[in-house]
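Chain nomenclature is as follows: A, B, C, D, E and F, assigned in order of appearance, with residue numbering initiated at 1 for each chain independently.
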Amino acid sequence: MIHRIDRIATELPPPSEPDPAGAAAVQELMGGRFGEMSTFLNYMFQSFNFRNRQGARPFYDLVANIAAEEFGHVELVAAAINTMLSGASPVDGGHAPKASLAPLKGVGNPHHFLAGGQGALPQNSQGRPWNGDYVFSSGDLVEDLTHNFFLETGARNNKLKVYEMVEHPVARALTGYLLVRGGVHQLAYARALERLTGADLMKLFPSPRIPTEKIPECKPHIKRGDHLRLYRFSPNDYLELGAVFNGPHPETGEELIVVDDPPEGVPAHDLPSQPAVFAPDYAPDEIAKIAEKLRTQAGLSKAPTGEVASSSGSKPAARRTKRKPAAARRT
Amino acid sequence: MIHRIDRIATELPPPSEPDPAGAAAVQELMGGRFGEMSTFLNYMFQSFNFRNRQGARPFYDLVANIAAEEFGHVELVAAAINTMLSGASPVDGGHAPKASLAPLKGVGNPHHFLAGGQGALPQNSQGRPWNGDYVFSSGDLVEDLTHNFFLETGARNNKLKVYEMVEHPVARALTGYLLVRGGVHQLAYARALERLTGADLMKLFPSPRIPTEKIPECKPHIKRGDHLRLYRFSPNDYLELGAVFNGPHPETGEELIVVDDPPEGVPAHDLPSQPAVFAPDYAPDEIAKIAEKLRTQAGLSKAPTGEVASSSGSKPAARRTKRKPAAARRT
Amino acid sequence: MIHRIDRIATELPPPSEPDPAGAAAVQELMGGRFGEMSTFLNYMFQSFNFRNRQGARPFYDLVANIAAEEFGHVELVAAAINTMLSGASPVDGGHAPKASLAPLKGVGNPHHFLAGGQGALPQNSQGRPWNGDYVFSSGDLVEDLTHNFFLETGARNNKLKVYEMVEHPVARALTGYLLVRGGVHQLAYARALERLTGADLMKLFPSPRIPTEKIPECKPHIKRGDHLRLYRFSPNDYLELGAVFNGPHPETGEELIVVDDPPEGVPAHDLPSQPAVFAPDYAPDEIAKIAEKLRTQAGLSKAPTGEVASSSGSKPAARRTKRKPAAARRT
Amino acid sequence: MIHRIDRIATELPPPSEPDPAGAAAVQELMGGRFGEMSTFLNYMFQSFNFRNRQGARPFYDLVANIAAEEFGHVELVAAAINTMLSGASPVDGGHAPKASLAPLKGVGNPHHFLAGGQGALPQNSQGRPWNGDYVFSSGDLVEDLTHNFFLETGARNNKLKVYEMVEHPVARALTGYLLVRGGVHQLAYARALERLTGADLMKLFPSPRIPTEKIPECKPHIKRGDHLRLYRFSPNDYLELGAVFNGPHPETGEELIVVDDPPEGVPAHDLPSQPAVFAPDYAPDEIAKIAEKLRTQAGLSKAPTGEVASSSGSKPAARRTKRKPAAARRT
Amino acid sequence: MIHRIDRIATELPPPSEPDPAGAAAVQELMGGRFGEMSTFLNYMFQSFNFRNRQGARPFYDLVANIAAEEFGHVELVAAAINTMLSGASPVDGGHAPKASLAPLKGVGNPHHFLAGGQGALPQNSQGRPWNGDYVFSSGDLVEDLTHNFFLETGARNNKLKVYEMVEHPVARALTGYLLVRGGVHQLAYARALERLTGADLMKLFPSPRIPTEKIPECKPHIKRGDHLRLYRFSPNDYLELGAVFNGPHPETGEELIVVDDPPEGVPAHDLPSQPAVFAPDYAPDEIAKIAEKLRTQAGLSKAPTGEVASSSGSKPAARRTKRKPAAARRT
Amino acid sequence: MIHRIDRIATELPPPSEPDPAGAAAVQELMGGRFGEMSTFLNYMFQSFNFRNRQGARPFYDLVANIAAEEFGHVELVAAAINTMLSGASPVDGGHAPKASLAPLKGVGNPHHFLAGGQGALPQNSQGRPWNGDYVFSSGDLVEDLTHNFFLETGARNNKLKVYEMVEHPVARALTGYLLVRGGVHQLAYARALERLTGADLMKLFPSPRIPTEKIPECKPHIKRGDHLRLYRFSPNDYLELGAVFNGPHPETGEELIVVDDPPEGVPAHDLPSQPAVFAPDYAPDEIAKIAEKLRTQAGLSKAPTGEVASSSGSKPAARRTKRKPAAARRT
């Protein structure tokens, strides 16, 4: 099971100049063979299917825990795409039956506009849907780890190239972060293979052979030490990460670290309505009125309780205190 | 982001008579158009792509929160398939180069054996992979909710039929649970549509038109009240569920309830190694020795720390106390 | 546009012993690369896309008109599959939550039961969906006709093999009919190529090289002359068929014939409810009561007006007289 | 079975400025998940698979009859795409080996030119083929109707967005018409669900929540009353439509109407040859000569008999009189 | 370019008891993600796309040369499947319209019979077609080699499991051979990675962790030394294999060997006609007569010139002498 | 089995102005339904699956031998695409983290840059992967030949249109060559059908109906007589080609010719590194140093031994003498 936290893994810039062609390219990191859906669902299925977990507990914990972080990467890629698409259709007065989408004819992924509401899709940069053939779960631990190292290598390649292709600040913030965190996963699987077989894979790093530190947008994360840390994404479980993830970093020689808490993350931006594509409605204000009424009827606060990034102006007060809804819940 | 909890949503029986043909049928609930991957990833993408969340907060919270529960359903279907496949190849002495898989030729999904390690696949009952075309995320709230109600209706149909086709006790425990919980989600989306538009969909229940209470394996869950409850799967977020999910149940008239904590779940069984398919290895015992050594080297306990269902014999002591690994972690 | 006639192209036997494995094989004739969906949609798209129709009118008329007949073949394959699946789950008392589908685990196409209501699917014999890549519409008339001749050849092969594999009387009646009619289309396209280029393709017949007359189930149709006739499936259009479809039959030397009216067809059987799969409902009788009430309220006859094959007992009186509903319609 | 009528459902403008990028977008209405192939084939399969038709006759008639209208919508989308592609390659002297397609490199759907003859494809706006997974035919009537209502909702969304994206007059004429007619089908399924269950879905209209009457190109059709009418697309069958389709329109309160005849339609334009893509030939004039010769040989009129829209100049005399070919047919 | 040699890589037993279910399983080695089509086409595309070949010549030569051997593996898998399917339909008198395929209903891959002529398909064990997404060709040499090592690991897993599942002597001869040769490729890619990066991957062998020598059918090939040899599949090219492929074998310590000539191979069996599926015809003898006549007319020998395995009785005299056709060719 | 020759079938111009949109279009000739992968793999599977080869030897030889030539066409299309993509990212100093791919956003096939290293893909012009459904191998010889004639017709259409769309000199050289050679194959299959059945297909040529000689880039190949020649791609096998491939050319009346040796081909260009996409590395020079060292260690020449086209400056001395590596190989 999971608990969901309404925060994203790292800060992304707010919407600025829309970039639909860039958003189409970033889809590779979502639904491509090496995209975040693939890393997430590969490790998830491998953990679901893990036999004799107790016997191989450090390895099970490693795979299961990285899976949890990958969820946040899927979410982050979606947030980036959504941000880059914000404003691509006119926000004010851009309602049908105006030709609000005319400038987008032939630009980017047509499903961003025709099928979705300027939102992320489970597709790659060619508009082809992610599919279950991208999941490898042989059940053979050495093999699954070999796959995972390869998968992370392919993912690193894709992130680097999306970085080079898409200069939009949101894409850069995204890839800068993912390169650092994906690099940790690439390393974790190589180290696990080493622990299991005695092979020495460290000289394969970096792969592709450009050092991560050369990417400007990676530097803040490296400076913070995030290239060394494996976070434990669970309140009580997956305690044996440190039995595998330890020793020196292959490129810097620094000691690897298991952080015994999930990262705190940040609230996401509340992205603006795009009425030309009916997201969330042809007349979004009516929904807001209904929502307020429903909250009041249910004895909740009049204002929305969710936390969003400050640029949206509606950040509620404190965070990190366990909150219950205003009205006593019937249990 | 998510936190992962190493427990499954409800108790499943331990491995008994293997049922590979049954496991192949249960895959429909995993990777079919209406399977749990679909419910999980539909709601996940809808929540990722939700614009003007603050304005429509009760609806955002509802979709985002149900997505979190669905993750646990994906996991549960995987656990059921894995359990049903346990023992399908000989557990003792069933190593290659023996013809350990010969009795499985032409039985069930060949990828359960040839591609995987007698493990769940992101495929449907025909062995076709789940794909991103099964995700609907229009961004239009009324439309997405209309879809979700339809999706849950199709999912309920599939669960009922898998129930009728597969008598294996694990499949029955699975479908009994999913029918009750899926029914809550079906209702939640219908209610959300009502709140948003004023339409009255309650006479559409039950759909298909067999009452859930007729299924024996559903009864314990109904008795416990799980047909009325929407759990909040987050420590701090998604507080506005109650603004939408309230009022009477369409079939029983009982009041709907928001439970302000996730369900506790139960530990999963530690399913036995299947050496004929190299899961987790041709010689699984060697991994266990390596694991123990690694734990010791890392200053962790000698015994595995993970919690598994008692039939596997290695359940650790207490639960629900926030644990840190034995060795101080370097942060 | 089309007008729809609630009759099928030829008589099929009523439900008898169900044959789910046979029905799975017959799906090849529905959704396979050479199935009836392919012939129907290939010719349909070719006719939609036909440029300079006036200039090439006899060929346009030929393709457009055969397309119309192919619709009836899709319908007929569906009727056959549905009939063969009737009774595969228990008809009386076979309601959920009984294990009514347990004997069908591992038999045939699981989607016949888990996804559908023991009904035909747009899939092939492997359970893979028909897809648009099976349509060839180059716009080049010679090329499209070359394709169509090849397509009919492949289709004839498939029909012959399904004939050999499935002995069920419905499958035999189906393939016997389709072989004769498909043979006419194969010939029509070869003749059209001859008319257009001067090439002589007649020695390619029969292809595969077994004469149609060797198939017992084809004989009644041959005896009736249906191997020589191209029907005009339109009240007023496609008048130029005879400019192409004429001359001797390549195998028998008999003169080819254009019939200036569609065949009359026969009413289909009203296949029984299959409550185990909720087709058309968990409690089908309730629908019948609602239907009767709705008819009465609308000023229509109390009894259903539709015509079905007599074995179902509810055949209404006369046919072929233009009927209007009992109540005057508001126009 | 069907009879085919060589007329299209509504008038489209003749070819003007070609718009290949627009044509690529309009493909979403053809082969997208919610395109006309989907509506047509969903209802077709549901009618094929309908069990106990006599018992549920009004509903069977409704689904079967709407399917027939949808065929005409598939045809209309094809006509629109073909018209928009006319002239995209040079019509005069644009023969190979000239670089007649060079300006089209990187524009629109490459298969419009490389695979087809500037013709419609069974693909969506991304160039992905329609496939059978888009058909839902559970056999459960309530469920199928729920699906159909959802399908029409998604289809309405797609039409509105294509309207906004593609300003070409043919695309506008197309979407204006389809929005009105699709709206009738959306309503018909909602009404059927109401009749069957007692639920009240009328407040879900319009969905998406923009009223159809706001679209200028819809207004003539609304003015004519086409938003209220369900046509019976059959000479003798499907008589019970009025038992379901009645009562007030949810938005206007006007009474719904069953029209007991199909709409008359209009002849399509005879779109010009595109010799650069060999449609219908590298040297189209030769075909015309052959055709004339074949007609003469067969005793038919020297001039083509087909009816096309007047802008093409070759409209034959009267319509609506049952015609037989000039030469007596051998039957 | 290639020159084709009409011999297969190793001897397979002649047809014996047919095994259609086994043949369906063996398809995984043909068209599965890790089948021989994948190894062949991955290395082929990588060699096509190899930039700066001169600079990286030893690696280019290695990849390009292994690709050539893999072609022979695709061919060998096809030969095995064809042999296992021989006799599955009656060979004598098994012509249509007899129900010659009735015993095969529901057995194995239906396309072996309905679509093909009891022949191999580009599909996997589930009947799903091989597709280009299975090709990885990043252009980055380290990455491509990492992939290739992983691919060979997955392929070894699949071969081992097919070995365990299918006891048919042809399947055993096939997998015994492929395991030895695939093992060499797995090693070659690991060694190439070592040479390029300095990493030491040898402790990853064997993977899966069962030694190849435990498989009885591998032993003759090992005894012959084929587990150590890389053959050069070219008369004049790919001379630098030995710069990469050298050093000790990771499991046995024996020295690796480059053989400077392709293996000689053996003639394939001439598999018998299967008239029930029209392979090669409904009346195969007629083709033989035509062939003989054509040879005579062309001034060739009366008897066929091709070499086939002796069990088929028609092996021509000498081999390995460069032959020209009997009649002088016009050049 | 095959022997691989490190030469391509015809000369292509060296890299000049890159044309990524053109390269995306040329992909149709690679991975499209009628691309060279299809011709290659269709004939390959047909030859693998050919039953009673001795009886039908001239036909087996024909299909098997054309398959071998088609391999070279796949390779040639890849070479063309790779050449057209060379230089699309900056060659000097175009390393990450620069935005070296920014000008390519939204241009051509994004996988050329994001997934591959500016290399060819097994995809069509829409970026969809080639798949095994494009292979037709019925086992019925007449049918397979009918298919092959159709396939070559469709392939000729595609080549003509790519010719018209892409003016890049490499694309023109490619299509000019393929049209001539594909025309020979189209003819070979038609002739085979004639020989087998007695039908006369010659009047179907040319199809599409533009004569090949009208294409300027075809003329040199026609002048050389390559439109008349079938090469035997084997040192010793497939000797009976001349029993089928003979008689006059349908358009020119010249006599067809079997050439008893493969064409010599030409060395390919050694395409430049593209460091922005890591092809073959982020720092390609390092690989060259490693390669040189490895050669030296293995006792091979210091300089690379491979032959490449002279424009790359590193062409080694003589060709066509059987070479062995410098160091004695251990056999």
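Note that contacts are C-beta pairs under 8 Å (C-beta built on N, C-alpha and C of every residue); 3 or more make two chains touch, one makes a residue touch a chain.
None of these values were measured; they are calculated from a predicted model.
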Q: Give the fewest steps needed to get from chain D to chain E, where each step moves from one chain to a chain it touches.
A: 2
Q) What is the chain whose Cα centroid lies farthest from the Cα centroid of chain B? A) F
Q.
Between 0 and 180 degrees and rounded to the nearest 5, what angle rotates chain B's CA atoms onto those of chain E?
A. 120
**Q.** Same-interface partner of B-C, chosen from the options C-F, C-D or B-E, over half of the pairs matching
**A.** B-E
**Q.** Numbering shared by both copies at the chain F-chain A contact, with half separating same from different
**A.** different
Q) Approximately how many whole Å separate the CA-defined centres of chain A and chain D? A) 41
Q.
Report the inter-centroid distance (CA atoms only) between chain E and chain F in whole Å.
A. 21
**Q.** chain C residues counted as touching two or more neighbouring chains
**A.** 33, 115, 126-128, 133, 138, 140, 142-143, 157, 208-209, 277-278, 281-282
Q: May I ask you to sort the chain touch graph into line, ring, star, complete or other?
A: other
Q) Every pair of chains that touch: which are they? A) A-B, A-D, A-E, A-F, B-C, B-D, B-E, C-D, C-E, C-F, D-F, E-F
(Q) With touch defined as at the start, can you tell me which chain A residues reach chain E in the complex? (A) 33, 133, 136, 138, 140, 142-143, 146-147, 149-150, 153-154, 157, 193, 197-204, 207-209
Q.
Using the touch definition from the top, list the residues of chain E that touch chain B in their complex.
A. 21-22, 24-25, 28, 32-33, 107-108, 125-128, 157-158, 160-167, 208-210, 214-216
Q. Of all residues in chain E, which touch chain F in the complex?
A. 1-9, 31, 37, 41, 44-45, 48-61, 64-65, 67-68, 71-72, 74-75, 78-79, 82, 115-123, 129-133, 135, 137-143, 195-196, 233-244, 246, 255, 257-260, 262-263, 265, 270-274, 277-282, 284-285, 287-288, 290-291, 294-295, 297-300, 304-308, 312, 314, 319-325, 327, 329-331
Q | In the complex, chain E residues that touch chain C | A | 95-102, 104-106, 109-111, 113-115, 126-128, 276-278, 281-283
